[in-house]
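Everything below concerns the one structure shown next.
Labels run A, B, C and D following the written order; every chain starts at residue 1.
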Amino acid sequence: MAIVLGENQYGKAENRVVRIDRDGERHRITDLNVSVSLSGDMIDTHLTGANDKVLATDTQKNTVFAFAREGIGEIEDYGLRLARRFVDSQPSIHRARVRIESFPWARLEVGGKPAHHSFARSGEGTRTALITYDGERAEVTGGLTDLTVLNSTDSEFWGFPRDEYTTLPETRDRILATAVSATWRFASADGVDWGKAFDTARASLLDAFGGTYSYSLQQTLYAMGSRVLENVPEIAEVSLSLPNKHHFLTDLSAFGLDNPGEVFHAADRPYGLIEGTVRRDDS
Amino acid sequence: MAIVLGENQYGKAENRVVRIDRDGERHRITDLNVSVSLSGDMIDTHLTGANDKVLATDTQKNTVFAFAREGIGEIEDYGLRLARRFVDSQPSIHRARVRIESFPWARLEVGGKPAHHSFARSGEGTRTALITYDGERAEVTGGLTDLTVLNSTDSEFWGFPRDEYTTLPETRDRILATAVSATWRFASADGVDWGKAFDTARASLLDAFGGTYSYSLQQTLYAMGSRVLENVPEIAEVSLSLPNKHHFLTDLSAFGLDNPGEVFHAADRPYGLIEGTVRRDDS
Amino acid sequence: MAIVLGENQYGKAENRVVRIDRDGERHRITDLNVSVSLSGDMIDTHLTGANDKVLATDTQKNTVFAFAREGIGEIEDYGLRLARRFVDSQPSIHRARVRIESFPWARLEVGGKPAHHSFARSGEGTRTALITYDGERAEVTGGLTDLTVLNSTDSEFWGFPRDEYTTLPETRDRILATAVSATWRFASADGVDWGKAFDTARASLLDAFGGTYSYSLQQTLYAMGSRVLENVPEIAEVSLSLPNKHHFLTDLSAFGLDNPGEVFHAADRPYGLIEGTVRRDDS
Amino acid sequence: MAIVLGENQYGKAENRVVRIDRDGERHRITDLNVSVSLSGDMIDTHLTGANDKVLATDTQKNTVFAFAREGIGEIEDYGLRLARRFVDSQPSIHRARVRIESFPWARLEVGGKPAHHSFARSGEGTRTALITYDGERAEVTGGLTDLTVLNSTDSEFWGFPRDEYTTLPETRDRILATAVSATWRFASADGVDWGKAFDTARASLLDAFGGTYSYSLQQTLYAMGSRVLENVPEIAEVSLSLPNKHHFLTDLSAFGLDNPGEVFHAADRPYGLIEGTVRRDDS
C-alpha cells in the first residue's frame, strides 16, 4: 500500500509584535503574539525538498511586522489583512490561519494622573483571535484566555451516581474556581464591531460566572456560553474549556478545630476539566 | 433562534500515577500522567445542574488508581481497560477518551552494577497514548513527545520564492533542530505488540531524522512519517508537529572573525512550525 | 581532612493556603503560597538518620493550615506567628524562615454591582514576605514580584564605552520595560502597618518607574528604591532585580518603510539584568 | 538620614550559545546558557544616568559569542576567560560573575552506527558553573541540576517528634525521590581537570543516592555531599538543594484492595525541601 502526504500546514509561530501608537504625547500599546500557518500545494517540498512553492516562514515573519507599520487596529482586522495577503499573493497557498494573542496593559498613574506613556501588564485575560481564509471565505473566531475566577460560595455538587469507586461526599457549599479559556465563532467576518463584541463577550462570561448559583461546573459553563450568545448577536457558537481548580476544605479536626468553609488547600493536579460548546440552533 | 448545547466532554485530567512492580528485589517503575474525558447524555447537568448522569471526576480518578493496582502493563492496554470501564459501566457515558503520558526512567548504576530499585528520569522522550472507546469500537493512537534532536549539518534551504517581504538568504548548510511531537494511529486496537510498535516507531523517527539529507524540514517530516509506516505495519497514519528550533549563525565580522558554521545563537521565538500527516493510501 | 556538615535548613515548601473570610454575605479571599524553612540542631538526622529533633515537614504543613483557621490578617503577621511557633515550641529548632506569596484578586462586578463572593485574579503583582525568627529577633522583609511595566518613551541609552566588541548604537528614544522583583527590609518587626507599607511601597515603585526620565535602567532602579525609602520610613533597605525586557525597533527599510518608534520585536533571551540595593546610610 | 546605593550588579543574562566543533566529519556540540553579571564603580549611572563606566550588556553578549569562536572547551575555562576579560579590560569593572548552564546531548544512532552529526538532548542533568573573578582571585563553583532520581524502597521515616499538629504516620518503606540541584566550590581555580571533576562528582551523587539506605532525606543529602568530597579532592564544599518529591501510597481500601507499596500518587505541592552544605573541616 502506497504512502501519501495527508493534511499539512506550516508557518512562523509566536511573532512577538509590540506597536506603540503615538497620538501626540499620549501613547497606546498593542502587545501581540502572532502565529501564521499556511497550507496549499506543498507536495514537492515534502517529497523532494523543492521549495519553489514554500513562502519562507522568515518572509511570513517579515510580513507580520511590516503590516504592523500601517497600524494594527482590532486584532481580527489585522489577522484578516495578513491571511488575505498570504493567500492572495501566493498561488501555492490555499489557506492561511493567523492566530493572535493580545496581552492586556493598563495605563499607570504617575504623579496622581493617568500617565501618557507608562503601562503595566494587567490581569483581565488575554484576548485571542483565529482567522482562517481560503481565498473565498474568511472565518473569524474570537476568544479569551488566562482569566482565573472564583466563587467562594453558591456552588453545590451532589446527586451524582455512586459506583464501587465513588468516595466523594456530596457537598452543598464549595469553592468553584476555574481558568477561563473561551473561543467564539462569528457567523460572518464582515460588519462586526470586534472591540465591542469582545468587551461584551468578556463581560458576559464574567457576569454569568459570578451570577450563576451552580450545581455543576457544566451548568456554569452553559450559562456562560448562553450569556455570550444572548448578548452578542454576531456570535454563532461559544466553546469553553474550564478546568475545575479544586479547592479542598482542610480537615482540621485532628487539631480540635472546625472549618466552616474558611480554610482550603488549592490543589494542582489532578483537576476536573469541563469542555463544551454552546451554539445557536440552526435546525 | 434557540440556544443549544453542542459537543461536550468532561473528566479528570492529569492523574499522576506511579506504580512500582516488584519482582523480588528487582523493581520496575511506571510513571504516568493519565487524563480521562467522557461524553454522553449530559444535557441535564448543563441545563439544570442535575447530576444523576455525571460520573464524578473524583470517581474517575479513583478508578484510574484502582485499576493500576492489578498492574498497568502497556499503557495502551491500561487505557483500553479504563475507557471500556467508563462506557460499559455507565449508561449515560457514550464515549471515553483516555490520554496517557509515560515518562521514561533509566536504572541507575550503584556500586558499578545496575541498581535494583534506583532510577533516574531519562531523556528519551515521553511516550503517549490516546484511547477512544464508544461502546463498540476502540481506537488507539500512540505517540512520542519531549524529544529534541539536532543535525549539525546536511541541511540546506534555498529555492523558495522571493516576494517583497523576503530577506532571508539562501543557505547550503545550516543546523536543523526540532522537538519531536508525533502521534500515530493504529489501524486496529487488537493484536498489536504495543511496546514493540513504540520502540520501532521511535527508532524510525530518529533514524530518519538523522539519516535524511534535508532541503526543508517538510522533507524531513515526510521521511520520518514514512519510515514509521514502513517499519510498523499496524500503524495507518503518522502526524508530526515539528517546531523549527532556529539556530542562527552569529555574525562575528564586526570583530574581525569569520564563523564557518561554528558559533550559533539558539533563538526562542518566533520559530517555524511544520505540521503534517503521512498515511497509507487507502484509495 | 575531616568532612563536616555546614549550613543547612529544611521545611515544607509551597503550601497553597486559601482562606475565605465571611463577613455576612460579603466575602474576602486570601490566596497564599507559604514555604517554611527551619534550621537548628540537625546533626543527627544528617549523620545517622535519627529524627528525634526533626519536626516533620508534614507537621509544618499542618501548622500552616491550622494557623490559618484563626484568621490570617496581614501576611507579615501570619508569618511571624508561624515562625515564632516553630522556634518557640521545638528546642531543636533555632531559626525559622517563612516565605509567603500573596496572589492578588479583584472583586468581580455581577449584575452591575460589586459581587459579594465572586473574584478574578488580577495583575497588580504578587505581594511577598520573608520572616526570619531566631528565638530572639524577628526580621521582616516585604516585597513585590510578577509586575511587568513599560515606558514607551522617555528612555535613552548612550555614552557607554565602546570597546572592540561594542556594536550597539546609541539611542535617544527606546522602550524601557521590566518585570519588577523587589524586596524591602523593615528596620523593625514591631509597630508597622504592613498593609499601608506595602501599598505605599508598591505605589512608589510604579510612580518612580513611570515618572523617571531614564538614561539607564540603573538610574530608574535607584529612583524606584529611593522613592520607597522616602515614602515608607519603616523600610531600611530596598533590593530590586530588574530584567531589561528588550523591545527592538524592527528594521523595515528593506520593505521601503520607515519605523519612527512604532513597531518593535519583544525579545525573550538574552536580556539585561540590573540588580541593586538602595538603603539608608547608617554611617 | 541619607539614601545611598548598596550592592549592585548588572549584566546580560541567558545568552544561548551553541557551538559545533567539526573534527572532519565527526561533530561535537556544546549547548550553553551563559549569564554575565558585572559590578564595580557604578555610582554614576545609578545617580545621574551617566554611562561612561557601563560596559553595555549588548557588548557583554557580543563578547560571549566572540569568545566562543576560538573554542569553548570546558565551561569552567570558558567562564574564566570571559570573567577575566571583563575585569581586566574595563577599569570600572571590579568583579565579574559568569554563570553557565551546559545542556547535555547524546549522539544519535543512524543506520545502526553512532552518527557523525546527529544528536538528541539527553537526560543526564544540566552541568553548571559559576565563575567569579575580582581582578586578583578567581573562584569556580561547579554544579549539576535537572536530574530527577528515585529509590523505590530502602527509605524509612520515623522517630520524629509528635506535637499537637503531627498527624503523619511513621513509615518503614517509602519512595524517596528528588530533583538534584548541587553546587560544589573548588578550593582553587587552577590545575583542576574540570571534566573529570564533573564526571566524578555526578557519579558520586548518583551512587550515594542509590546506595544509601535512608532514614531521612537529610541523611541521603549528607551521604551525597560526603561522597563528592571523598572522590574529588579539589572540591572544598558541596551544597545540595533536594526537594522531597512526595509519592503518596494510594489508599485503595475503600475498593476492597490492598496496596503493598505498588500504587502511588506523585504530588506537586507542597513538597519538602532539604538544603545543606557538606564541607571539609578546615579547623
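The rule is short, and it goes like this: a contact is a pair of C-beta atoms (placed from the backbone, for glycine too) under 8 Å apart; a residue touches a chain by one contact, two chains touch by 3 or more.
The shown structure was predicted, so the numbers you read here are calculated from the model rather than taken from an experiment.
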item: Label of the chain whose CA centroid is most distant from the centroid of chain B; value: C
item: Chain pair, A-C or C-D, that carries the greater number of C-beta contacts; value: C-D
item: Type of chain A:chain B copy interface by residue overlap (half), same or different; value: same
item: Separation of mean Cα positions, chain C and chain A [Å, integer]; value: 29
item: Whole-Å gap between the CA centroids of chain C and chain D; value: 24
item: Residues of chain C engaged with two or more neighbouring chains; value: 15-16, 62, 66, 165, 167, 254-255, 268-269
item: Of chain C, residues touching chain A in the complex; value: 15-22, 27, 29, 31, 62, 65-66, 68-69, 104-106, 108-111, 115, 117-124, 147-154, 175, 206-207, 209-211, 247, 250, 252, 254-255, 257, 259, 261-268
item: For the chain A and chain D complex, residues of the former touching the latter; value: 164-165, 167, 254-255, 268-269
item: Sites on chain A touched by chain B in the complex; value: 1-16, 35, 37, 42, 45-59, 61-63, 66, 89-90, 156-163, 165-168, 214-219, 221-222, 225-226, 229-230, 237, 239, 243-244, 269-282
